Amino acid sequence: QSSVTLFGVVDAGVSYQSATSRNPVTGTTSKQSQWSLANSGYNSSRIGFRGTEDLGGGLAASFWLEAPISNDDGATGIANFNRRSTVSLSGGFGEVRLGRDYTATFWNDTVFDPFGTNGSGSSVINTVSGSTALGNTNYVRASNMVGYFLPPNLGGFYGQLQYSLNENTKTSATDTTAATSSSAGRYVGGRFGYANGPLDIALAVGQNVAVDTTTLTRKVQTINLGASYDFGPVKLFGELSNVKNKFDLAALGNSHDSYNGYLIGASMPVGAGLIRASYSTVRYNEGAVGVTGDDPRANKLAIGYVHNLSKRTALYATVARVSNRNDANYTGSLTAASTTGYGSTGVGYTGLPRSSTGYDFGIRHAF
Amino acid sequence: QSSVTLFGVVDAGVSYQSATSRNPVTGTTSKQSQWSLANSGYNSSRIGFRGTEDLGGGLAASFWLEAPISNDDGATGIANFNRRSTVSLSGGFGEVRLGRDYTATFWNDTVFDPFGTNGSGSSVINTVSGSTALGNTNYVRASNMVGYFLPPNLGGFYGQLQYSLNENTKTSATDTTAATSSSAGRYVGGRFGYANGPLDIALAVGQNVAVDTTTLTRKVQTINLGASYDFGPVKLFGELSNVKNKFDLAALGNSHDSYNGYLIGASMPVGAGLIRASYSTVRYNEGAVGVTGDDPRANKLAIGYVHNLSKRTALYATVARVSNRNDANYTGSLTAASTTGYGSTGVGYTGLPRSSTGYDFGIRHAF
Amino acid sequence: QSSVTLFGVVDAGVSYQSATSRNPVTGTTSKQSQWSLANSGYNSSRIGFRGTEDLGGGLAASFWLEAPISNDDGATGIANFNRRSTVSLSGGFGEVRLGRDYTATFWNDTVFDPFGTNGSGSSVINTVSGSTALGNTNYVRASNMVGYFLPPNLGGFYGQLQYSLNENTKTSATDTTAATSSSAGRYVGGRFGYANGPLDIALAVGQNVAVDTTTLTRKVQTINLGASYDFGPVKLFGELSNVKNKFDLAALGNSHDSYNGYLIGASMPVGAGLIRASYSTVRYNEGAVGVTGDDPRANKLAIGYVHNLSKRTALYATVARVSNRNDANYTGSLTAASTTGYGSTGVGYTGLPRSSTGYDFGIRHAF
């Protein structure tokens, strides 16, 4: 069927993760570790179907259905199209895209990270923003979205706007019940950038309504700025990120947690290979469950090497280390975000771990 | 792989549904509404694999595996082949088909509805027959079926017979326990029609054993007659439908609910577009949980326009309105069937809603 | 997409299963039976994606993603890749394969069974080894495996080694808790064989750690030897199998169940058809829950015919009968393994059934 392209990535590797916790009272430490055969250490394993139809007059219709797969254990096949499932109409006006897609605000986290939010090397900006404890279900992607993308011919300028429908039922008041309405699940975001020659720079803002009940409104607001510049022998990356978790309690007033992060990174081609390195940090500034001393801070240093056997097939090795400051005092919930994490399931701690180390060795094959 | 055809539909649109309920005692009303990004407003979103092998001597083997997909949120990929999963052997004798397939009785509901049982415009015959409250799990399709289809060369006559195995375990009596046997899940149906030139007409009958225990046997019996005639500038549609829900209680005797419906519709090509309209009605005649006054009745008027950008891609708009008569007295369970329904989740009422309105605006792309 | 091969099997048929149980006290019997439309009676229904990339210098990268499908009811689409999901790098050194794959020890059970562990005719070695009561979750396949395969050019010798990572978290001791570590889920196995001309013979050994807690370690150890010899008019098959279920209870000492089986089989081409037959037996030697009299024993005789309509499409018929000896005394848990079983769900017995009979009539279509 010529109108469909079947594509995918099968990425598997051996991963070792370890983390050291410290009892804040006695000072003794405990170590947890795990060996695993993991997927998606370099690129996310996936299978997808996509296609474009030329409608004439500059118009085109296209679709994109992409499923995450877990090829290490085979447990997840094409069970869902959570990675992306969209249908688009595009032309001189740009592109209108309907369905589930990446959020505008996630793009800067992954595009300007030399490790592309995959594997042990993924930045702490990514692991903090995506942590279950922060509870931003629309961090990476959102469903039921209407998106608009600028056309590609604007002299290097690019941009997108997105609105996800929350699909909640609105009810008018009756004799006995009050009117109900909720915005929970709604994501609104935008990204605007400029890419020309060696330079790429983009600013993104977004807001997800995580909870919206009569007693609590919780919104996660993200703003980030990323850039990369390719000097030829080396390409530099940088990102600034601010994520706010805003609790507006009807009874108790407001409380805002804030997570400020930055990343600097580099990649350097060496023959058929690519050396990658990044340093990222996130400072926790938590309102309600904060600490009395200095804000806790998670730092990650990651170094890796990718050896391309072909355009489609590569071997990779990554080592990353997270160190956490002011961990002894931390009583918040974002502990799991402070480990290298990739491939590990069930590694848990009491308090913020002191440090965590991850190693990945694998193969990525694309088709 | 030349022996497989990969095909699909990605259909997404913005849908708005609203419904107005009325308190039968005080007369005050309440309105519920929902905006959504929905799929399958014009054609059902799907991905499928199918193929045919010529075995020589007029014989052919073929397979058809078709999955429903939810491209608005990506939640359902190729998780199942619930739309159809069959393997067939066909020849001069016709076709023997094994697996999960559409039921004979559903065909008339969808073939002779200008809206094809998709979106807000789908007839109330479809929404009542498919309602959870009626509980006909084999309404649209049945699993574990052996089907026989007449060959295509009978001068316009066509037909099919279907039998689904219930796969229940039968146990003979023992010293201490009685023999057990149940037909629950068994569907038997047939359809016979004639299509020649502008005319298409078909009669279908079917029975599904919904429950079969020692205390209750419940059977859903369906008979319907549909026809269409294409006058050229306009194509007319019509259907008569009777659905019986027969409760045979060993202790209390029998009780039969009956739902009588009809549909008249039309479609009219206008350039690259198609105007569609239908009026459908279902009268409830409920035995056990009936009403004292007139039978409740659900009426639906639907109007739509489809604009074909190509054979594969179309834009569509539909508006439909359901009005329910004798709603104040109705205490039965088929309330949800009486709304436009498409795209809405969680719209519920006390009693039969007065009226319900639905709008769909979307794009359908096939590959 | 030339780099991907899409392949599959759709196999469906009507199956009838019956089993007769006997009350060990009164001697009266009870019969259970079931008609079903079943899948995979001849070959396992599936859909898969696979491909190989030539990397030059004798190196190649390849992937294989294969999903089981249930085409009788459409319930399982490409929900998982449990049949196989691997990525490989191969060359003169052999092949390194990562992911979920068949175990070395399963190969002899299926390769040297004329019925290939499918349908009513599958050997009792297979049904006992795969029974839920024995609890060897890595019997057929294991996840998270690193496998190594000998290159194909060794004069007929072939072999493989496999190690599956259990992915359990290891924790060092803390002030208050002991160190934890578990090997549960780890499979280690190997197979070595020789295939040349009409002869194929292979030996396999493997061990799966089923449970590994502080109170109980349970390991399933398998060793089997299989062979086939193709005389031309007839091909003979044979297998010897020993499966040990070793309970090492910290408090109570050890207890070992042992299941000894053998199979003899034959297949004979007849025009476009193939006659298949096998006799298999497994003797139970259970330590903890054993019997006072003779060891119970399950015997199965299976006869079948496959008629090839083409290379891709075949009709098949199989009849098989299991008879169980010393059933009256048996109080162990492996009763379900002692029926023909294919296609039946919910056939249960009190004690070991006397006998069980299964019939399959179906069609297998590959693409």
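First chain written, first letter: the chains are A, B and C, and each begins at residue 1.
Throughout what follows, a residue touches a chain if its C-beta (ideal position, glycine included) is under 8 Å from a C-beta of that chain, and two chains touch if they have at least 3 such contacts.
Bear in mind that the values here come from a model prediction, so they are computed numbers and not experimental data.
The copies chain A and chain B differ by a rotation of 120 degrees on their C-alpha atoms, rounded to the nearest 5.
As for how the two copies chain A and chain C face one another, under half of their interface residue numbers coincide. Between the CA-based centres of chain A and chain C the separation comes to 41 Å, rounded to the whole angstrom.
In chain B, 6, 77-79 are the positions where the chain touches two or more neighbouring chains simultaneously. In the complex of the two chains, the chain C residues touching chain A come out as 1, 3-4, 6, 49, 51, 53, 55, 59, 61-63, 65, 67, 77-87, 89, 98-100, 141, 143-146, 164-165, 167-175, 177.
For chain A in complex with chain C, the residues that touch the partner chain are 5-8, 10-14, 23, 26, 28, 30-37, 47, 69-79, 309-310, 312-313, 344-347, 362-363, 365, 367.
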